[in-house]
């Protein structure tokens, strides 16, 4: 990812230290102000005890997309409340793509919707996240 | 865990195939009808890009506790809608314990609250989960 | 509202018996399959004890929009889980418009997002609703 | 309600101006620090178009209980994100009681659970609320 814009630079720095997103195999596809689009492929060690992929995997992908969207103005923001609705089961080897859109950019809080699709363009989950904005920076 | 009761047997079978819960290092502490208590220790590869533990880790622990509680009557139930509120940051080497309690056991749906504590008995997150009940069994 | 289509007919019948939506002063603007757009004006008796409009008013408007969207295929559906995020305060005499969009139309459940705007086209709240579908009809 | 304590005084002042809670017929049963218990009786004009009580009524009762609990230290707090899970239908003439408990009292935010029971002591809904704390007072 060429670092054309300041929003991408913040996410590149976050991603560099984000060992869990690296374990998930997350690739950053597109970053704009208050926006992110990321992808990953599901591996066998991500299943739960019912033969489908653990709900924590789709949540974690969406939570990373949320963090990359709500922090990319270089104002450190922390997740306050999030919810996820599961619409379709996810299977091993599926490719998941999460797109985070900003619905509200307040002084103290922000609101984001993240849609997660599989490789058939079916929405498998919808994530809603509220963040709390601090006064700290991410990139000095 | 000695398998004293049928609820523990269902969870033991779920846990055996739950590769992601195994990756997380989850240990089952207590299982009763509609109830579960599980624990894990946070490892360095679970951090996010902001120097604290990725929100997906606490969610995943809670989601496993939810699954173990809502499925343990041997009636296959799937997560429909879940939310998690983050109250305190989690750090590497923290020990997290999730306790799932059943608030409603309906014919088609169930409602569960999962409290997640760290080793200082501080609640670090609160998870709420709604499941949809199928007619399938887990242990034949 | 001329009743051009079967979806409008279902909502017209629901609205006829919906005494609380009538108390709120709800007007139906547009009904399509899995979609609704409704409006109301805020009156003085709708304030809370902090000088702004009670959160239950915006919720109730959104909940009616949700009901009109998720039931209008004439398949009785009941609200299971809903959440609302409050973005801006609402004041007496504001005109609120709620637009309900269907994100998922499953066999047993459905997922809807309802955006609520004031007369300045500012989004004042975002509502998410999950419904459970029964086999009953609304219009015989 | 005799005003034994400062928490009750704040709620008494809120309730005096809360015209919508008055319309609902809310009675305050008990107020303690970060806690409230209130009740109301459902009237015929509170039904929806499906023959049961409108979801906005139970939400509004819970939202008032939430406001009375999270503001009663005399620090003005506003609802940020709330969710409600509907467990059983409510009928005309039911008596509903909402009890708000504080799960977290942070500097900037607070987290509350509100359980709503009918006259048969059945939990008909569970409400979760996050508030944002301002620096303003309610009682001067």
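Each chain gets a letter, A, B, C and D, in the order it is written, and its residues are counted from 1.
Going forward, contacts are C-beta pairs under 8 Å (C-beta built on N, C-alpha and C of every residue); 3 or more make two chains touch, one makes a residue touch a chain.
None of these values were measured; they are calculated from a predicted model.
> Which pair, B-C or A-C, has more C-beta contacts?
Ranking B-C and A-C by C-beta contacts puts A-C first.
> By mean C-alpha coordinates, which chain is most distant from subunit C?
B
> In whole angstrom, how far does the Cα centroid of subunit B sit from the Cα centroid of subunit C?
The separation of the two C-alpha centroids amounts to 34 Å.
> Which integer distance in Å separates the CA centroid of subunit A from that of subunit C?
30
> Please list all residues of subunit B that touch 2 or more other chains.
In subunit B, residues 80-81, 83, 85, 130 touch at least two other chains, as defined above.
> Using the touch rule from the top, collect the residues of subunit A that touch subunit D in their complex.
80-81, 83, 108-109, 130, 132
> Which part of subunit A faces subunit B closely enough to touch in the complex?
13-21, 23, 44-51, 53-57, 59-61, 63-64, 67, 71, 76, 78-86, 89, 138
> Give the list of subunit C residues in touch with subunit A in this complex.
Counting only subunit C, the residues touching subunit A are 83, 85, 87, 103-104, 106, 111, 113, 123, 126, 128, 130.
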